[in-house]
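See below for the structure under consideration.
In order of appearance the chains are A, B, C and D, and numbering begins at 1 in each one.
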């Protein structure tokens, strides 16, 4: 407790950065028994967790309380009960210092109509407290980095969805915050745009030591960017941990891609003791094999039944299955 | 229970249809017999009418304004403020006008005056008294009907409800739900107008009735003489502001510029320029109706009124014209920001 | 493996660069908010149409002053024919015009200029209110602003600053131009001798700015949507004006009723700032200026209280 | 051999990928089931459900859709492409919200702008605003009654549609408080009401959580099996792949290709298929034999006619497998020969994965190839 008070004091004084940074290295977010009510509805229920610096995915079904959590971390909402610290700043008390340390990318468009791209990002810089010239310079730098070079002087109304998303990231990055809170950064992006965004986030997190809290519905995003994951459901924290550790390894499962009429092939598999778990009707089978199975047997069977084996992958549990499993355990 | 098509059921239906002497080819393709465009249209009217009530702030402000005006008029009536009877001369200090009239009569009844002189004096005093007593109607007309009602409440009620009818749907991006139904676009435009009229007419004409009812004798006379012009002005204003809602991106601001700036400027310009303002024709109808009761423009040679029938024709013609243009414009419009 | 392929495709020449620098106080972000609000309104053609309409009144005064002083130097002693109405000495005619429009560089001239601008300022503010606050709600800009290290007060102050600029752009600034013009046209001494007039103009502008800004912010945060805002705003400035005229001029009620017309009340205080006598103000029968000040102060205080409660109590962010 | 791939087009890669229309019926020759309560005349049934002919649309100077020709008869078609490629504009044109500047769009022979065309079309728009003050049920009921159904029937239809999208239990709350996923469901429900033949769904999967997405995918499959024609735009290609492999790919306002993913992929002859093969080490730890195994495989692969190149990738020593990266043309023949090779030479394959035949890879090739 004493240590926290010291930290608050440091933050308030705005000096002695060394100590607070040293602490940042241990925890970025530290929440204890956090709850939030909207009238009768409880959006967050007794949430407690500590996060080390790194890239964290925040998962949960619609209405699980993800957005509320982000807003509380940002100091836009106050928690109904419980305490928390973000980068050593207590939440709900010290808005200014807290929000300076955070870059927030909202889910909604959050544009200021009539501005040009560069002005929009520069305005964000100014609002964070940078001087006007410094904000303008930095805006151009960030926009170039985010590959919005050509769109800088266009009006925001003319931006496509992908450009808007990158612009929102730009305004969150302009003051070089140690922590990024991202609410659905890839929603509405086309595949190329999504890939580019995820690559950017990964680079920022891995090479430039930004801590990232990524709230999303797209589990692929988390797999691509994050090394640990938080799963919220109905305001409760269900699961926290590293992606690799949480997903189960399965030695006996395979995913097959078959081309051609698979009926006889499936029948034969069954006779060989292979269990067909799922067939999507377009040639993709998920199977569980008996022990001592050799994969060459798949080729033999395929050849016998005149179907083409186009794919064969070990079927470890992915994040999507993990997610479904965790939710199913809950209900 | 709806979409699962059943082969047998379909056959049974065709059989029953054939017995009803309708061959398969005649039945309109794909159109379930149970739908009816007219029913949909009436429902749209009802839905739009209800949705106007949902924009509660607007309705409350309108009703509040109306009630405020009505209670003020009621207070004036109770205090007999409509006639000049209690006016004082010099301003707010001297005796009332009625006391002056009595004074004059008292002076006249002094014994040294001649009988003829006394008679003339008595007649004069009586007529002054009469004018004072019956001055209520022109005063009510001028201040309440012309100033407060016609130049403020009527434009404001029409403006807020008519621009909101389409403009509000455009602003909240919900017009798409109507445009993606199988309703002809002119029908949508007219339905929303039909749904708008109960609100605007109810507020203006209903408000006018209320104002007049609490306005005592003068009010009743005003109601009898003026209601057609209030109705005509409402129709014209409604169709104009409704049209603005379909065309302008910020219809409310455009309408306020028109109603409280252009109307005021044009309506008070000398010469024929004022003939492009709606308020001018409404006033002409009123002057025409109440000419016998001493209500006329302050300076007819500058005001240049048209007669009542013409004014009515202009207002109704304008309504029809604006509706027509609006229907065509709406049918062709492609609302990029909406879809 | 897929990653290695992607990497090969785009060599990253321009790396992300960290930034280290001093942050300024949150109060420094008020002006950027105001600046952005101003630009967003300056981009609307509707604003310029209304502004030009408002400018017409200014031009009337501006060229009126100029033409009259020019006419005075040109006018001879011979009478001129006026239509069919008769003959008149041009000097009398000029004096008549000056008396009517008060284009004589006196305090009365500036007061009537301010008063005439009332309608147009009102419409501009209705537009500005619906754009400044309404747009932020409609386009979701509010999370953008509030996720920055500034409080809601800074946000409102920024918007208020923008409103203040509009008000002064339409009233105080043209009035100062008129003041300077008179000095140039008539005599340089005027500028120094009647320095009190300049102070009066500034005072008048200050009164307008403070009351209208607070009032607009409160009504806009309360009503949010354009149409109700316009209804409320027209009620405050047209209905109350008509009502007060009907009560005092029509029905001969107490002149105190004029106080409900807020624009008239600002005009009374403005007149006091300019050192004018109440008797000269048209329409006549005005209440004393301190009563007007009391009313305006009360209204502003009410609006401020509402704003404070609103900001503390309810979450603006959905 | 499956005849899906043996279309006359396959293999001739130099052919430009122009907009060709492929209509597809999942049930082969079975006649499409008719919607409830509606009967098609013979002529009407023969008309294509959707026929866009050389459609172009501008927004001022900006071109939104550029000479698009598309014909749909049944089944699910995914409409994919980058942001701003004109997908939404095309959907608005089809649903009669916009009018083409050039060309024509017909729905069962009716002009798409006309009222009668809208009876055949259910539209789920991208935007996200409703009559927020209503409850979900009230909204859907209002939409049903706007079709002109009698009150009773409208209520039934609304109830049924809500049931279909899984909102029956939650429909009494106000739309204002709905999450994005619930809003998507309501949007879908209102498009189902009049049981349209053609459903145009603009980004129906965006913003829905994984559980809901699965439900939606199942629902779309059901609708398609009932004989409806669905045109779905989505960026979530993984989900779209679960649903359909028939795609229309848009780029720069034009339709770049129409067909199944495999058809489109096979026509991309200048991009040989990239295949990863992990081969098990015969005896872990022994360096020579390990190298032997994958070198042997690489040498065997290089002898095949269709292999363009082989690359040996480094594996982590703790893994018991060695990856080999193969580039091959003519996937059909390559996989046949690979099977033969594996069986003849006794390889133990731990993983066989085509890295670039997914929808997203195809899309990436197609779009990058175009813009370059």
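Going forward, contacts are C-beta pairs under 8 Å (C-beta built on N, C-alpha and C of every residue); 3 or more make two chains touch, one makes a residue touch a chain.
Small disclaimer: the values here were computed from a predicted structure and weren't measured.
Colleague: Could you tell me which chains make contact with chain C and chain D both?
Modeller: Joint contacts, listed by label: A, B.
Colleague: Based on mean C-alpha positions, I'd like to know which chain lies farthest from chain C.
Modeller: Farthest by centroid: D.
Colleague: Measuring from the mean C-alpha position of chain A to the mean C-alpha position of chain D, what distance in angstrom results?
Modeller: Chain A and chain D have C-alpha centres separated by 25 Å.
Colleague: Determine the centre-to-centre distance between chain A and chain B, using the mean Cα coordinates as centres, and give it in whole Å.
Modeller: 57
Colleague: Counting only Cα atoms for the centres, state how far chain A is from chain C in Å.
Modeller: Going by mean C-alpha positions, chain A sits 48 Å from chain C.
Colleague: Chain A: which residues touch two or more other chains?
Modeller: none
Colleague: Given the complex with chain D, which residues does chain A contribute to the contact?
Modeller: Spelled out, the residues of chain A in touch with chain D are 60-64, 160-163, 184, 187-194, 217-220, 257, 259-261, 280, 282, 294-296, 299-300, 302-303, 306, 308-314, 320, 323-324, 327.
Colleague: For the complex, give me every residue of chain C touching chain B.
Modeller: Of all residues in chain C, those touching chain B are 46, 49-50, 53, 119-120, 123, 126-127, 130, 138, 223, 225-228, 230-232, 234-235, 238-239, 242-243, 245-246, 250-254, 285.
Colleague: If you look only at chain A, which of its residues touch chain C in the complex?
Modeller: Answer in residue numbers: 71, 74, 76-77, 95-100, 102, 104, 106, 108-115, 119, 123-124, 126-132, 134, 138, 141, 144-145, 171, 175-176, 195, 199, 203-204, 207-208.
Colleague: Give the list of chain D residues in touch with chain A in this complex.
Modeller: 1-2, 5, 80-85, 179-182, 203, 206-213, 235-238, 242, 245, 331-332, 335-336, 339-340, 342-343, 346-354, 360, 363-364, 367
Colleague: Residue numbers of chain B touching chain C in their complex, please.
Modeller: Spelled out, the residues of chain B in touch with chain C are 55, 57-58, 61-62, 65, 72, 76, 81, 86-88, 91-92, 139, 142-144, 147-148, 151-153, 156, 159-160, 163-164, 167-168, 171, 250, 252-254, 256-257, 260-261, 264.
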